[in-house]
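My questions all concern the structure below.
Chain lettering (A, B, C, D and E) follows the sequence in which the chains are written, and residue indices restart at 1 in each chain.
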Amino acid sequence: MIADIFFMGVALLTLLGALLAVSLKNVFYNALSLILSLFGVACLFIFLNSEFLAIIEIILYIGAIAIAIIFAIMLSSPMIQKKEEKPDVKKIARSFILAALFFWGLLQTLRRTVWPAANPEGDYSLGAIGKSLLSNQILPFETVSLVLLVAIIGALMLAEKKGTAR
Amino acid sequence: MSPFPILSAILLCPVAGLILVLLTPRKFETAIKFLSLLAASGTLVLSIILCKIFNTADPGFQFVEHLEWIKSYGIHYSNAVDGLNVSLILLTAIVIFCGILVSWRVTYRVKDFFANMLFLVSGVFGVFMTTNLFFFFLFYEIAVIPMYLLIVIWGSTNKQYAAMKLTLYLLLGSALMFAGFLYMYSLPEARTFDLLTLKQNVHFSPPIQNILFLGLFLGFGVLAACFPFHVWSPDGHVAAPTAASMLHAGVLMKLGAYGILRVAVTLLPEGARHWAGLIAVLSLCNIVYGALVATQQKDLKYIIGYSSVSHMGIVLLGIATMTTVGFNGALFQMFAHGIMTALFFACVGFIYDGCHTRMADELGGLSKQAPMISTFFILAGLCGLGLPGMGSFVAELLVTIAAVGTYPMIGITSITALLITAFYVLTAVQKAFYGPVNPHHADFKDLDWLQFVPRAVLVGCLIFFGIFPSVFLNWVSLSTKILLGG
Amino acid sequence: MSQSLQSYLVISSALFAIGVFGLLGRRNLVAVLISLELILNSASLNFLAFNKFSLPDKSLGQVFVIFIIALAAAEVCVALSLILLLYRKKDSINVEDAKELRG
Amino acid sequence: MNLFLFLPETVLLAAIVILLCLTLAKKDYGTPVLGFFLPALGAILVLASFSSLPHSGNLFSNAYRVDPLAQGFKCLIALSFFFTAILNQNRLSIPFDREIEYGIFLLSATLGMMMMTGAVDLLALYVSMELSSYSLYLLASLRQDRRSPEAGVKYLIFGAAASGVFLWGASLVTGLSGTTSLLEISGKVPVLIWQPAFSLGLVFASFAFLFKLSGFPLHFWAPDVYESAPTPVTNFIATASKATAVAILIRFFMLTGIPGVFIAALGALAFVSMTLGNTVALVQQDVKRLLAYSSIAQAGYILTGLLAGSFAGYSSSFFYAFAYVLMNTGAFLVTSVVAKTANHDNPRLSDFDGLAERSPFLALLLLLSLLSLAGIPPLVGFTGKWILFSAAMDKGHWFLVLWGVLNSVVSLFYYLTLVKHAYLEKPVVSAPIAVSGGTRWLGLFLIIGLIALGLFPNAFITFAQQAILKGAAL
Amino acid sequence: MDLALLWTIQLSGLAAFLLIQLLPRSAKKIAPAIGIALSFLAAAASAKLLLDHANGFGLPVQFSHPWLAVSDRAVWPNIPVERYALFVGFLLDPLNLTMITLVTSISFFVQLFSFYYMNEDRSRARYFGFLSFFSFSMTGLVLSNNLLQTFLFWELVGLTSYLLIGFWYEKESAATAARKAFVVNRLADLGFYLGIILVLILFGSLNFTDLKSQALAQVLPPATLTLVGVLVFLGVMGKSAQFPFHVWLPDAMEGPTPVSALIHSATMVAAGVFLLHRAFDLFSASATTLLVILSVGCLTALTGAALATIQRDMKRILAYSTVSQLGLMTMAVGAGSSTAGFFHLSTHAYFKSLLFLTSGVFIHRFHTNDIWEIGQKGGKNDRLAIGFLAFGLLSLSGLPPLAGFFSKDLILEAIKEKNLFFYSGALFVSFLTAYYSFRMFLVIARGRIRREERPHAESRALKISRNVPLLCLATLSLVAAFLGMPSFHFNFEMLLTTAAILVSGGGLAILRFRDPEAAEQKLLAGKTFMQKILERKFFIDDAYEFLVKKVGLAIAHALNRFDRTVINGLMVNETSFSVMRLGRLAALLQNGALQDYLAWAMTGGVLILFAFLHFYRGTP
């Protein structure tokens, strides 16, 4: 029961954070709200028996991604100084309607689906994850390293100021 | 399979010519011309041989050639002739032979020109001889694109517009064909594009016949310049260079009518009967409307262009009668009109080259300066107005007989075109060839012998088949009987 | 509202929808990027929810999410540098200022 | 493990490593890498792909499948890479000092695509898709002008959103089927298909692939990216990426089937793709943009074949993808030469003026490629379209077929407009265009390929059919 | 069998034509010799045939060869297939033996005369070629054994007529007249053509030997018979210049005069009447048809004669006179006596061609067609010509015992038996004929000579070629009456009537034109209402012009506009423009704004989602 209330709180926190992250005018606040939301997600991960993932979420997402975003915002200081102009009502209405419709559609789909009986028993351990990564999922595991490599080279290349056309 | 694949040989002549021309360096223009002429003569000789050895007593396909091509799709390279196409192969050979000779004076991008001509004519031959719908379509489109290039590069008078219109229009028509062919193939009992197999194995139910026939008719009708899809044709004729106009009006337009007979009527006889009335009405529009509009034209090529619309109406009317006489007449008209318009364009092209105008009003008195070319033009005009002794008289007679027998009112109304045609042909003749000599064109020179030959050949054909029509009818009549299930 | 599969799915749908809203509605490219992160998170949440409630192999969902997070990091990395580059060229990170390629 | 099963990928990995090492060197090896290394590697890659063609098997705990379908598409991607490597000779807007990076991204993108064709696991598929995507995002923003990052950002955000949708779909599919392996999912489809969430998952996942295929409504990035990217990159995106999309859609549809409602939806999307692509292309002046819209239209044609969902539909889509690579490369090859001659990497229609006089060979290549794109016989595009549409017709999609053919007529208008510029208009500069050896040989190869495959497609069609048959067998 | 002779007659013209065409340019001057020689050959051959016939050679002779099969059971299931073959062949019977003699002989004389007349023309070769081709076509027409072949040559003579009227094509008027002749004939021929087709479809045979009244009546209902008869008669009306198709004939005088003599008076225009006689059963099978023929003939005769009275142009007078005479012949046929009509045809042919050739002599010498001018330039000084003119005109006005008298007499008798109303019309025509004949003669012969032109010195050959034909034609027109007279019974009443009419008509002319100068002055001073109407040719040409220009060409113009604006503009161009516009519109989607793109994509996704939900609505 308490877990449920706590769960509801976390869920609300997540969604609130998400809402703030997309609706606050200041990008900096957006980033901070994102952290809030991600934190909520991490908590939810714990509810889902995936503590490792929760940690990764916090370290990687909050610790790296969100911070990178904040850094980016800070680095380019004019980016925050330049305030968004007046909110474009049409655009917001459009996105709201589309998002709402989409949400409603998803809910309907979920409602009409017969879900399998819950089966939470199993091996959630880090060991199992590691084993899986190095056996079944070796191909994605190797590939993702390449992706990261490409991303890093790319990011470096783009950030570098050189580059002259032939 | 006959020991010597004469049909493929006819087809391969221009193809071989094309390859040789492409391989010849650009600067050897005369060599290119002679190569093309050689290829054209080759097909002509082979076509004449084909007509000679064609067995008029056999109503079915002869000289059948068959080669697996894309087996899993029921696509074979198969050629054959019967009464429907033997004459058209001959027609194509004659027109390309004359076309090459007429183009002897081309000087701009000679190599490309002759390559395009040969490519075009390969497509036309292919359409006429194949019995597989895939190849029918393939060759058909092969014939369209060189026409675009011929018009756009060597053409005149609004050529870009006309070329684009012609190409898009023809391909629009072919789109309907394409869908129709694929639909036939998709039927479970069909699974082949082979015409004969389709005819034997597949019975299309009446509603399907009706819809399919309409689609195919519209597709082919565009090519046959059926009213109201005719406007591409006069514009195209006008813009095209001489030889292209000859091929275009002489042969290309016949592809449509041939397709109606070969594919639509053969496979969908019930559909044909269902829509025959509509076709008759449209063809009447073609005949009378085309002729009336022709009276208003100033440009000689436009006059001929609209007269082609009118004359193709006679072909369609013949088909619409759904009688052997009508079919015979339609086929005859296809042949006669092919030769006749080729002659027309050969003459107008020559005049345009010399006088740099085709406006009837701006010419005048050409008979005095250039009696030969005017004689040829007048002969073509006389054929156009259905003078007895010329091929198209017999054709029109047969069609009119059939039409008066089946659709009396339409048949009778269609006869008025003879009057209108006489009017505009003679008016054009009077303006361009009679009257005082126009000093602007004082240095216009008459035909030399090289230019005389192709036109004389065409006139010879017109008169020969006008006097001995049974030579032609012997070719076709058994096959047209079969077409009607006789 | 209890901890059932459905409630997780509803939460993640909501997260997805909020992400879509931001993706379509925000003009600041960084905010757009933030919205994209929300969408990816909603997918992660989905995976883990299924992981708990229905997947036989409890490591599968977790592994998948690890990859999602890793790739999200890569994505943010590339995206941020692109946004910075854009900022450098155009002096703006407003989506609506990036409208030169059109028509 | 049979080396041949992973040969092309190994070659690529090795090449990436070599290039990585080169980046560390002080000296700039850009020019030799692009001028010699990549074409040579392309040739090796093509050879490797073709030599591994007959092999089949499953790798990496059944996450990676090597079968004629995958191998065939790998050959296609290898060819496309090879073509792009040769096109590099005419590169114009790739910065001097980023040529090695360019090479790396090209290689990693190729690797990602190849892996996509073989991946039969949602996770592997996702990761390899991202590998190719990120590489392409970076390739697309290589250019150093004002607009380049804009294209990159658009491409990336669009792509990331598509991945989000894919992931959502994948999560639903995985959740309900309990596995990420497509092969296993395939067995469960008949039962699960009645679960809305499962079908929705499939729909979401395949919908996201439309992004790669640049089909409506996920095509919007294409014109902007095609325009802004350096021409060789555009060619690579237009050919390899699209071929991969076809491969993955074939794989996906073949293994999971297409939910009935999605067939109708795909039909509508194909309809709009064709119409939109062709009509908008009519009003384009920038040739690369024009080709982008043309590729959107082509996506519509391919979708028409795919949504037939039949053996014939898949095999003809395979054939058409091959044809598409050939003819599009032809068009881009000429575009790249023209761009180089005009010294401006966004050649406009008027830059093609008088091409026939300046280089009859290129004009011919352009003519044939464009006509093939328009589906004019006897070129390969025609044959491809014929069997593609005949497959759709078999399933009763007569309206789409008719519309498709009508659309190709419309498309002929802008193709012919380009042809007209090449053949009719007078050039501003009439100096002959120098065509480098590689370009010439590639052009010749393409011309022969376009005609030969158009006229004698039997062998290839048979191969495609075999590939589909074997690919469908679990 | 004398088919060889027939072939000779038939082909000599064609041979001459081809030979002349093949002559090298340097040898073109022998063209007249070829033409004359071969036409002589034809004339001789037909004379031989005539002699043979007189010696008991059995007629008719038929030769027939299938030409073209048009059988189709699908259309005409009830009629035996073999009947639907179209044939080519000869049918020689006494009727066309006469005609062929007439044609070949006149053709020969005219060719001979042309040598004189066209001596100075540089296109002589072309002229003789066409003339020979005309002989070929005309003999073909006459010898033909079926309607279709008749039609075939019918058109060919029309063609040669066109070519010869427009022989001096540099003259605008000649070219226009030629076109007018062809088109008007075409208009009439449409009926003929249709008639033939109807006969073929409904009756099954076109051979003259099959077209018998009884056979026709068995197969065809009376209304159809009338229709077919009238349709075929339409063709006759065109060729034989019957009202209202007569308008082309006076204009046809733009051609060289010998051509007018041969084609436009003696032979071709008579082909219609010949056909009426030839296929008389086709017309006589229906009384209505005959009545139509009679009325048309009467109207034609009256119109022609009335218009002839005011013409100044010598050839035009003769042309209208021809129209009027053709009307009389047609009347005869309409009255049921095709023999009388045909008889008049043969006599008329000789004296009218004589008249034309005579006028040719005048024109050649005085370079004018105007009778007053001829008179003033000394027309009466050419004694020989004046003599022939008088002879011809008297024959025309029916002075006994000249040829015209007998034939006209027969016609009048036939009409009188049939219908008194038309009889009075015919009498009035005779009156007018006498009037304009005398008028013409008087104006030429009594003109006060103002500026006399001396004749050129002419070579002997030229003189022969001028005088021999005239003489021979004059002789023949006398002889022909006696030779060809079908049956003559002396009718005193008729003689009296004719004489009275001749006297009154001639008298009136003498009264008014004894002094041509004064008459001209009077004419110039003021025109009566009647004269004005006559000068406007009863407004028939105006009506035609109105129909062609204000109706026909206006429709064509409207259709042309329709073609350009509606079909080409709206249907074709606008369609493509619309596609273009659609493209421009759709290009607006690609507005560069990333989020609009995303929104569209999302909209697509949402739509698919909803379609999806709709599809799965059944499941819980």
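We adopt the following convention: contacts are C-beta pairs under 8 Å (C-beta built on N, C-alpha and C of every residue); 3 or more make two chains touch, one makes a residue touch a chain.
Note that the coordinates shown come from a computational prediction; the quantities given were computed from them, not determined experimentally.
Visitor: Could you tell me which chains are in contact with chain A and with chain B alike?
Guide: Touching chain A and chain B alike, sorted by label: D, E.
Visitor: Select, from all pairs of chains, the pair with the highest number of C-beta pairs in contact.
Guide: The largest set of C-beta contacts joins the chains A-C.
Visitor: Return the distance between the CA-based centres of chain B and chain D, expressed in whole Å.
Guide: 42
Visitor: Per the centroid of Cα atoms for each chain, what is the distance between chain C and chain D, given in Å?
Guide: 27
Visitor: Please tell me the distance, in whole Å, between the geometric centres of chain B and chain E computed from their C-alpha atoms.
Guide: Chain B and chain E have C-alpha centres separated by 35 Å.
Visitor: Between chain A and chain E, what is the separation of their C-alpha centroids in Å?
Guide: Result: the chain centres lie 100 Å from each other.
Visitor: Give me the residue numbers in chain B that touch at least two other chains, ranges are fine.
Guide: Touching at least two other chains: 168.
Visitor: If you look at chain A, which of its residues touch at least two other chains?
Guide: Residues 91, 94-95, 98, 102, 106, 109-110, 112, 114, 116, 137, 140, 144, 147, 150-151, 154, 158.
Visitor: Show the residues in chain E shared as contacts by 2 or more other chains, in ascending order.
Guide: Counting only residues that touch two or more other chains, chain E contributes 576, 587, 590, 592, 594-595, 598-599, 602-603, 605, 609, 612-613, 616, 619.
Visitor: Please list, in label order, each pair of chains that touches.
Guide: So, checking each combination of chains, I get A-C, A-D, A-E, B-D, B-E, C-D, C-E, D-E as the touching pairs.
Visitor: Chain E touches which residues of chain D in the complex?
Guide: 153-154, 157-158, 161, 165, 194, 196, 199-200, 203, 207, 216-218, 220-221, 223-224, 259-262, 264-265, 269, 275-276, 278-283, 410, 413
Visitor: Could you please specify the touching residues of chain E with respect to chain A in the complex?
Guide: 595, 599, 602-603, 605-606, 609-610, 612-613, 616, 619-620
Visitor: Considering only the defined contacts, which chain A positions touch chain D in the complex?
Guide: 109-110, 112-114, 116, 135-140, 143-144, 146-147, 150-151, 153-154, 157-158, 162-166
Visitor: What residues of chain C sit close enough to touch chain A in their complex?
Guide: 1-11, 13-28, 30-31, 33-35, 37-38, 41, 44-45, 48-49, 51-63, 65-67, 69-78, 80-85, 87, 91-94
Visitor: What does chain E use to touch chain B in their complex?
Guide: For chain E paired with chain B, touching residues are 66-76, 148, 151-153, 155-156, 159, 162, 166, 169-170, 172, 174-176, 178-179, 182-183, 186-187, 189-190, 193-194, 197-198, 200-201, 552-553, 555-557, 559-560, 563, 567-568, 571-572, 576.
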